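Per-chain residue numbering starts at 1, and chain names A, B, C and D are given in the order in which the chains are listed.
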Amino acid sequence: MIKKELMRVISQQSIAENIFELTLQGDLVQEIKEPGQFVHLKVTSSTDPLLRRPISIANIDKRENQFTMIYRSEGLGTRVLSEKRPGETVDVLGPLGNGFPLDAVSEGQTALLVGGGIGVPPLYELSQQLVDKGVKVIHVLGFQSLSAVFYQEKFSLLGDTYIATVDGSYGEKGFVTDVIKKYGLSFDTLYSCGPTPMLRAIESEYADKNVYISLEERMGCGVGACFACVCHTAADPTGFSYKKVCSDGPVFKVGEVVL
Amino acid sequence: MIKKELMRVISQQSIAENIFELTLQGDLVQEIKEPGQFVHLKVTSSTDPLLRRPISIANIDKRENQFTMIYRSEGLGTRVLSEKRPGETVDVLGPLGNGFPLDAVSEGQTALLVGGGIGVPPLYELSQQLVDKGVKVIHVLGFQSLSAVFYQEKFSLLGDTYIATVDGSYGEKGFVTDVIKKYGLSFDTLYSCGPTPMLRAIESEYADKNVYISLEERMGCGVGACFACVCHTAADPTGFSYKKVCSDGPVFKVGEVVL
Amino acid sequence: MSRLEIQLPGLHLKNPIMPASGCFGFGKEYAQFYDLSLLGAIMIKATTAEPRFGNPTPRVAETTSGMLNAIGLQNPGLEKVLENELPWLSQYDVPIIANVAGSQVEDYVHVAREISKAPNVHALELNISCPNVKTGGIAFGTIPEVAAELTKKVKDVSEVPVYVKLSPNVANIVDMAKAIEQAGADGLTMINTLIGMRIDLKTGRPVLANRTGGLSGPAIKPVAIRMIYEVSQAVSIPIIGMGGVQSAEDVLEYFFAGASAVAVGTANFVDPFVCPTIIDELPQLLDELGIDHISECIGRSWGKNAKTVNYSS
Amino acid sequence: MSRLEIQLPGLHLKNPIMPASGCFGFGKEYAQFYDLSLLGAIMIKATTAEPRFGNPTPRVAETTSGMLNAIGLQNPGLEKVLENELPWLSQYDVPIIANVAGSQVEDYVHVAREISKAPNVHALELNISCPNVKTGGIAFGTIPEVAAELTKKVKDVSEVPVYVKLSPNVANIVDMAKAIEQAGADGLTMINTLIGMRIDLKTGRPVLANRTGGLSGPAIKPVAIRMIYEVSQAVSIPIIGMGGVQSAEDVLEYFFAGASAVAVGTANFVDPFVCPTIIDELPQLLDELGIDHISECIGRSWGKNAKTVNYSS
């Protein structure tokens, strides 16, 4: 069930250039169903900024009633969010949307988790849950440059982890798809979250495979009411049928929607 | 000289119902010339609220580089201001305007200081400077009710202090002018700050006397540029001549401007 | 009788608070948060004769204390609204105001005739002012004669009272309102969005795929208040006001200006509970202001030239 | 040549930043804060033939991320402006744009003829759009023919280029702009304020003594950007943009939309140093965006249908 709660800031720290890790506490945590779901944040009680900001859930700790998100300080909203200190509160609406299906891969099989930039965070909770389930995980994570890399060690503890940077300042130079090819990584299921061009590349390479992707779109309500975040369905690419990223997604099976 | 400075909050406390005493520290304090001048405050870096808020200077401590103001939490701006904690900063523009002339009364003479509600604060600094100068001060302070009364003791230490409340819940029941009459208080110079109806009453009673009043008006710029705060001059009550409350005032000699 | 109750043509409102069209879909999403029967009414998303996909994304952009939208009237079309959405809503004890849109007169007339037959549709809201559709929409909203003509035609076929939604993107809102009143409209709703734009410095292009969009939210409230103040004194049909409403205070400011009910749009996105919260807070605010019944607030700010308001119970 | 330098009819601007009319008086007050020669230009307070006291107070009211004003064109009148204000300003190395207002054609023509003779007045800004004067003002700003007629008459007598200030309170800003361009205007300035109102719940009355006022500040920026985007592609005279500008980013958003210079109004009240601060920050922002000269930004957002911009150096 979707809740709206003033959650307490437990910790906030910068973990890479303009990248922050924020942990919040509140009962809303008990409602989270799957990795890949997101929350919609109101960072101030003032009207500037006015709208909520969608941020993925990167780590869940139900025992402590806490969850963690990782976000980049981009514009006004995330900058204000990055100034929150422990003890302060954040107005959280969530959990929202449908996440990555765990049952799309079975114990003993291999899952390839492919993330780009701020698309990496939700894969961390996913990876932990897959490992708990006995699935072999391999991570391929793309970043702009060394200064933007985060969570490499954490992912490494869960499975093989390849890092690619666009400028080659760290790990492999190039895109995540290059890395997958170069090392001939094979998998039963691929889960991915990142910029649309990356998702398109994955779609064209592995259309025939068992692939799940998480999309980004500008949002209004975040709950399916305003029609801000729709995309065409692949079945009817120019017609009237549609999916809402906020409430039908953000995770879709590849080939379900038009990227 | 008018400065714009991010001043540090030294202390903030509630001293009566919805009334707060706020002390700020910064070099701007050295620029303050007279009691009755005011500052123009931006209470948030966001655009809501957008405009600055004019607040009088109630106490000056040049040695500590601090000044104190006393304000009522009215609407959005003063509510946000009242949430500032020590260590935080406030964006202050000031000192602004012309205050109460000290040379309008000489050593050994008597000054009557008449304040109403949030018009009382600037009289406190005025009273101290008059006493330093060897002037005998008498205070007549009007409030809505007991819960709104503040600084009675502090004023009492400087001179006779009469309190009037509109509802009679404390001190004399009625208006400050009633109290002045009732006790037949006489004076060489009268200084007053408060709601316009009170100032009008004083004007009509003591037009022939040596009286100085401090006006309130809604302001834009606070520095004389926007023509938001003008009033007609008594010499030309319907013509083109005018005074700006922010830069010509807020203190005027009674009979100088049309109330 | 409840101090929040308001009677308007076709509408018996428990309270004068309703979600604005397009900001509440067809109710399903917000039914997760509270019982929709708490609402005074619901203005459903614009319905057109045929289904519409709407504009490409991005469809929304944030502005200072406001937002731009260019949804493009996406909706499943008249048939599906009649088949699915309205029957689903009928489980709630709340009058529905059907927002009717189109690109030519025939569309409006057709949708109005059919949708006004639905048992839970108690009034129509003619959307002659959508800034986000290339043809129609806006034209109907800027030329009084065209608006009046359309109003007449729709009145002829509608089985429920017809409210016409005014666009603020005009030089003289009073002329428009009068023309529509003379054409037989039962009420007015105002305002729709102002036309605006945001440009992304990184891409150098407008943020919205549609380039321009409709500006809503607190930023536009002063424009709405002014227009309602002017129009409410020039016409004698009731006005449902909207534009940046977020609080009980905002609601009363609208009533003081001359509105008889208020719709809440963008604020639903900021706080899904905003409508029931406002409904809860109104009685206390009335107490603070010493007002017995909210209908006493209608047109309070008019002063001398105030006309008596007789359409509210 | 400086990367901020801009050439416009009559105006050689060191940089494209200038205070907007009515938000800077005649400069004296802000000269306490910085050297006015730092500014690209100064748009002085509206000047009328005779002195004006303006409207009763309260003259300003705050709105969410904006403000309303109803000053009513208070000014000392043409004679005093020529005698005192302009000579005082001539000590600074900054071109003056004289904002000319009136309630009938003759007034405009008289003021334009005389004030355009002042040596430091390099351009006129015809204020045909002041929402706060009962007669004239707004009428000139809403009917294209009337605006064009006035523009012609003023052009005939002015010794310096004439910019016309557009009102946003119209249904079709492009028609207005084209009519004024055809009438011979050298440039456009836009936008003036939107008409708005605030009501005080305690008194039950409008906050402004004038009841309605002009809405300015960040709240209106998206409307200004949209109008400049549309007008700049429809006319070939330059536009000085204004409306809610607070930062270097805002300035570039205006350039991308199609403006060739930008005026800052309300923000001066929030931060008296806002103009020099923006001027300081612009070069770094241009670096971040990889832009050599600010003139390259003009109309960047137009996309395919972009027309070449040739009036900027």
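Note that in this section contacts are C-beta pairs under 8 Å (C-beta built on N, C-alpha and C of every residue); 3 or more make two chains touch, one makes a residue touch a chain.
All values reported here derive from a predicted model rather than from experimental measurement.
K.L.:
So which chains count as neighbours of both chain B and chain D?
P.N.:
Both chain B and chain D are touched by A, C, going by the contact rule given at the top.
K.L.:
Centre-to-centre on C-alpha atoms, which chain is most distant from chain D?
P.N.:
Between chain D and every other chain, the largest centroid distance is to A.
K.L.:
Find the geometric centre of each of chain C and chain D from their Cα atoms only, then give the gap between the two centres in Å, rounded to an integer.
P.N.:
34
K.L.:
With chain centres defined as C-alpha means, what is the inter-centre distance between chain B and chain C in Å?
P.N.:
46
K.L.:
In whole angstrom, what separates the CA-based centres of chain A and chain B?
P.N.:
That pair's centroid distance is 56 Å.
K.L.:
Got the chain C residues that touch at least 2 other chains?
P.N.:
Chain C, residues with two or more chain partners: 64-66, 218.
K.L.:
Where in chain A do residues touch two or more of the other chains?
P.N.:
Expected reply: 47-48.
K.L.:
What is the shape of the graph in which nodes denote protein chains and edges denote touching chain pairs (line, ring, star, complete, other)?
P.N.:
complete
K.L.:
Flag every residue of chain B that touches chain A in the complex, lowest number first.
P.N.:
44, 46-48
K.L.:
What part of chain C is in contact with chain B in the complex they form?
P.N.:
Within the complex, chain C contacts chain B at residues 64-65, 218.
K.L.:
Inside the complex, what are the residues of chain A that reach chain C?
P.N.:
1-2, 4, 42, 47-52, 93, 217-232, 239-240, 242, 247
K.L.:
For a test of understanding, state which residues of chain D touch chain C in their complex under the given definition.
P.N.:
For chain D paired with chain C, touching residues are 63-66, 68, 142, 169-172, 194-199, 201-202, 204-206, 211-212, 215, 218-223, 225-226, 229, 244, 249, 252-253, 256-257, 289, 300-301, 303.
K.L.:
Along chain D, where are the residues that touch chain B in the complex?
P.N.:
Answer in residue numbers: 22-25, 28-30, 32-33, 45, 51-54, 57-62, 64-67, 69, 71, 74, 76-77, 207, 217-218, 246, 266, 268-273.
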